[in-house]
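The structure under discussion is supplied below as C-alpha cells; questions concerning it will follow.
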Amino acid sequence: MTRTLSELAEYLNARLEGDGNTVIKGVAGLENGGPGHLVFAENNKNLSLAEKSGASAVILPLESPGVRKPLLRVEKPRLAFARAAELFAPDRLEGKGIHSTAVIAADVEIGSGAVIHPHVVVEAGVKIGENVKIGAGVFIGRNCVLGPETRIYPGAKVLANTEIGRSCLIQSGAVLGSEGFGFVQDENGHLRMPQLGKVLIEDEVEIGANTVIDRGALGPTVVGAGSKIDSQVIISHNVCLGKECLVVSQSGIAGSSILGNRVRLGGQVGITDHVRVGDDIMIGAKSGVSKDILETGTYFGIPAMPARKAFRIQAGLRNFDKLREQLKELEEKLKVLEEGKKD
Amino acid sequence: MTRTLSELAEYLNARLEGDGNTVIKGVAGLENGGPGHLVFAENNKNLSLAEKSGASAVILPLESPGVRKPLLRVEKPRLAFARAAELFAPDRLEGKGIHSTAVIAADVEIGSGAVIHPHVVVEAGVKIGENVKIGAGVFIGRNCVLGPETRIYPGAKVLANTEIGRSCLIQSGAVLGSEGFGFVQDENGHLRMPQLGKVLIEDEVEIGANTVIDRGALGPTVVGAGSKIDSQVIISHNVCLGKECLVVSQSGIAGSSILGNRVRLGGQVGITDHVRVGDDIMIGAKSGVSKDILETGTYFGIPAMPARKAFRIQAGLRNFDKLREQLKELEEKLKVLEEGKKD
Amino acid sequence: MTRTLSELAEYLNARLEGDGNTVIKGVAGLENGGPGHLVFAENNKNLSLAEKSGASAVILPLESPGVRKPLLRVEKPRLAFARAAELFAPDRLEGKGIHSTAVIAADVEIGSGAVIHPHVVVEAGVKIGENVKIGAGVFIGRNCVLGPETRIYPGAKVLANTEIGRSCLIQSGAVLGSEGFGFVQDENGHLRMPQLGKVLIEDEVEIGANTVIDRGALGPTVVGAGSKIDSQVIISHNVCLGKECLVVSQSGIAGSSILGNRVRLGGQVGITDHVRVGDDIMIGAKSGVSKDILETGTYFGIPAMPARKAFRIQAGLRNFDKLREQLKELEEKLKVLEEGKKD
C-alpha cells in the first residue's frame, strides 16, 4: 500500500511543504529511513538527522526550521507519526474466516468479519463481535464475550466468563480468568476458596504478553477503559483498575486493591492487597505500596513514599559513610574537651 | 443444582436457625447476594451488610447476634462458606472422554473418567490417573505421571518425566520441567549443563498461571504436598519446597535452595541459590533472602532480616533528615565550646 | 546408548585410570549414582562422596587424590561432565518429519532433518533451517527465519519477522516479537505507537520459559550470540543485549537500553529505559539500574552502585540503631559540658 504525501497531509491534518506527489510506502526511524519512508523529528537536535536520512519526507513541528525534503508540519509530530504508522502497519492476524482446525461449540455467536486462526478452541456460550480476530492456538472458555474489533494474539488463554470490550488487544501467552490465590485453613491444610467471579475488560484495553489477570472471587476483577497493561504483569482477584492507567512490565497488584484513573505504575512495582491508590498517581519502578496512597503525586520506594522524600533519603544513604565519620570525629573532639575540663 | 438449607446444614455440620426448606442455588458476596444465595459474615461489623443483603441465608459464627434471615451457625464461617461454594462451583474443565483432535501416543495409560480436551498432545509412556481432566492445548511430555483427580488448565505445558500427585491443579500457561539455568564456561563461551532430573509435584499442590518449575539438573525439583504456588513464580532446578507452603505471585527461588514446611513467601520475594529456609518461616513481600534463615519467625528486607529490625530501620530512615540535622547542630555546639575553651 | 570408559576418555581428552572396558550408560549426581553411572568430583571434600557413590566411574581433577573406582582425569571436571552428560541426554523434541496436524503455509521452506510436532502453526514466508525441531503447539509467524539446529520447546510463540540464528533453544511459553509498551497521548487517551521492528536472536542463544522479547518499534530488538536468558525475563522493544550475556529469571530490561558483552544480571534485576551498561558488568539480584554504568565491575542496590559501597551501606544500616544511640549519647555529654561551662 502506498499514499501520496498530499493524501497523508489531509489524513493527518498537516501543512504540506514541498512535492505532494511524493509516494510514501511506510514509516521509519531517523537512522534507518530510505526511499519511500516518512520519518519524524520532534526537536531541533534531530533536524540534522532528518536532513541526512534517506527518507523521502519528514514530519516536523509547525514552527521548527525546515530540512531539504518534502515536509508535513503538525503540532504534535510523534502523534502524527503514530497515526501514519498505523496506516502502513501490517495486520498481525491477517486471515479469512474460520480455519478448519478450529474447534468451535455449536452455539457460539460469531460477528461478521471475524477471523479465527488454526487450532483455536471456543467453548459453548461465547459471543464474538464483528471483526474480532483470534490468533492461532487461542482458547476462549465458556460464556466469554469478545467486543467488536478486539484482537487476541496467538496462544492467549481467555478462561470462562471473561468479558472483553471493543477494540482491545490481548497479547500472546496472556491468561485472563485464572483462579486467584484464595485459601482457607482447615484441619488438613489450605482449602481452596472457589473463585466464582469473572474478569471484566473494558474498551480499548491492552494486555501484554504473558500477563495474568485472575477472575474475581465473588465479584469481578475489572480493568478500566483505555488502560494499557504491559507484559508479565499480575492483576489479582477482585482488583479494580481505573481508566487510562499504564502498568509497566512485571508489576503486580494483589487482591481487592482499587486503583483510580490514570494511575501509572513503573516496572516491577508491587501493590499489596486491599489498598487504594487514587487518581493520577505515579508509582516509580520497583516500589512497594503497602498502604493507601490518595494524594496525587509521584511516589517511590519500599515502602512507597513521596518521591522527593525517597530520593532525599537515597542521597543521604550514599553519604552514609561520611555521616559515620562525622559522628566519630565529633566523639573524639568531645573527648578532648571532656579531658581538658578534668585538668 | 440447588440444595435446601437443611441439606447444607447437614453437609457443613452447621446449626440451622430458620426455614430449612429455603432453596439455595449458589453463594455470593455480601454486596451482591440475591434470592437463592448463601452469604457469610465473619464478624459483627458485617452483620448489618448481611441484614441488608438480598441473599436468602447467612452463615454466621456460633455466638454472634443474629440477622432476620435463615442462618447456618458454625465455628468458622469462612471455612464453611468455602465448602458450600465448592458444592456450587462450576467445573472449569467440563467435558467427556477424549476429544478427536487430541494427539495421544499409543501406549498412554488413561484412567477411567479422564477428560481430554481439544488439541491436547500426550506423548509416549504417560500415565493418566482416574478422573484427571486436561484442558485444551495442554502438552504432556514423555513418561509423565498425572495422579487421580488432577486438573490441568488450558495451555499448561508439562514436560517429559514430570510426576504430579493426586488432586493437583496446574493453571494455564504454567511450565513444568523447563531446563534450568545451568552452564559451564568453556573456551567458546557458556556450555549448557544438560538438565537430566525431573519435577516431582506431590499431592494437593496448586501451581498458578504462567508459573515455571525447572526440572532438576540431576536429582528432582520437589514441591511438597499441599503447597500452593501463585502465578508467575519461578522455582529453579533442584529446589526442594516443603509441605503446605504458600508462595505468592512473582516470587523466585533460585537453584538448589531448600525450604521447609509451611513456609510463606509474599509477592515478588527472591531467594538466592543454595540456601535453607526453615519450617514456619514467613518472608515479607519484595524481600531478598541471601543466606540461610532457620529460626521460625517473620523476615523482611533486602537482605531479609527479622521483620521487627527491618521495620525499625525503615522508621529510622524516614527520619534520616532529622538525624543529619541533629548531627549538624551538635557540630555547631561543639565548635562553640571549643572556641570558648581557646579564650 | 552406552559407551565404554575408554571411548569417553578419548572423547573428553581425559587420562584414563583403571578398567577402560567399564560400560557407562549415563551420568548422575554424587548422591544418586548407581551402576553404569559416571559422576564427577571437583574438589577434595567431594572425594569421599565419590568413593561411597554407587557410580561405576568418576571424573576427577588431574592432580587430586584418587578413589577406588575407574577414573577419568581432566583439567576441568565440571566441563568434562557437561560434555559427557550431553552425550547421554535425551532428545526432548524426539520425532520424525512433519506431524499431520501441523498447519504449514504452502511457501514455507523446510530444511532437511527438520522435525515439526503436532498442532504447530507455521505461517507464510517462514524459512526453517536444517535439523530444526519445533515442539507441539508452537506458533511461527509470517516471515520468521529459524537457523539450523535451533530447537523450540512446546508452546513457545515466535511472532512475525523474528529471526533466530543457529543452535538456539527457545523454551516453552516464551513469546518473541510481542508489541512493546509504546503509546502516544492524544485527546482521547493513549494511542498505540505501531511496533514495526523485529526481533533478532543471534547464534547459540537460549531463551527461558515464559520469557518475553518485544519486537523493536522501528529497528530491531537484538540478543547477541551466545547470550543465555533465563525464565520470565522481559526484554523490551529496541533493547540491544551484547554477546555471551547471562540474564537470570524475572529480570527486566526496559526499552532501548543497550547492554555490552558478557554482562551478567542476577534475578529480579530491573534496568530502566535508554541506559547503557558496559562490557563485563555484573548487576546483583534485585538491583535497579537507573542510569548508565560503564565501568567494569559488580554493582548492587536500588539504585545500583558499586557493590562494595552498597554492602557498606547495608552493613551500616544494620547498625542504624547504634548510630542513633551514639548520637543521643553525644548530645547528652555535650549538654553536660555546656552546663559545666555556664558554671
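Every chain is named by a letter (A, B and C) in the order it is written, and numbering of its residues begins at 1.
We take it that a contact is a pair of C-beta atoms (placed from the backbone, for glycine too) under 8 Å apart; a residue touches a chain by one contact, two chains touch by 3 or more.
Here the structure is a predicted model, which is why all the values come from computation and not from measurement.
Among the remaining chains, those touching chain A as well as chain B are C. In this structure chain A contacts its sequence twin chain C using mostly different residue numbers, the overlap staying below half. Centre-to-centre, using mean CA coordinates, chain A is 26 Å away from chain C.
Listed for chain B are residues 101, 119, 137, 155, 173, 210, 232, 250, 268, 302, 317, 323, 327, 330, 334, 337, each touching two or more other chains. Across the interface of their complex, chain B is touched by residues 101, 103, 119, 121, 137, 139, 141-142, 155, 157, 159-160, 173, 175, 178-179, 181, 183-186, 188-194, 196, 210, 212, 214, 217-219, 232, 234, 236, 250, 252, 254, 268, 270, 272, 288, 290, 302-303, 305, 309, 312-313, 316-317, 323, 326-327, 330, 333-334, 337, 340 of chain A. Across the interface of their complex, chain A is touched by residues 26-29, 31-32, 76, 78-79, 81-83, 85-86, 88-90, 92, 94, 99, 101, 117-119, 135-137, 153-155, 169, 171-173, 204, 206, 208-210, 226, 228, 230-232, 244, 246, 248-250, 267-268, 285-286, 302, 314, 317-318, 320-321, 323-324, 327, 330-331, 334, 337-338, 341 of chain B.
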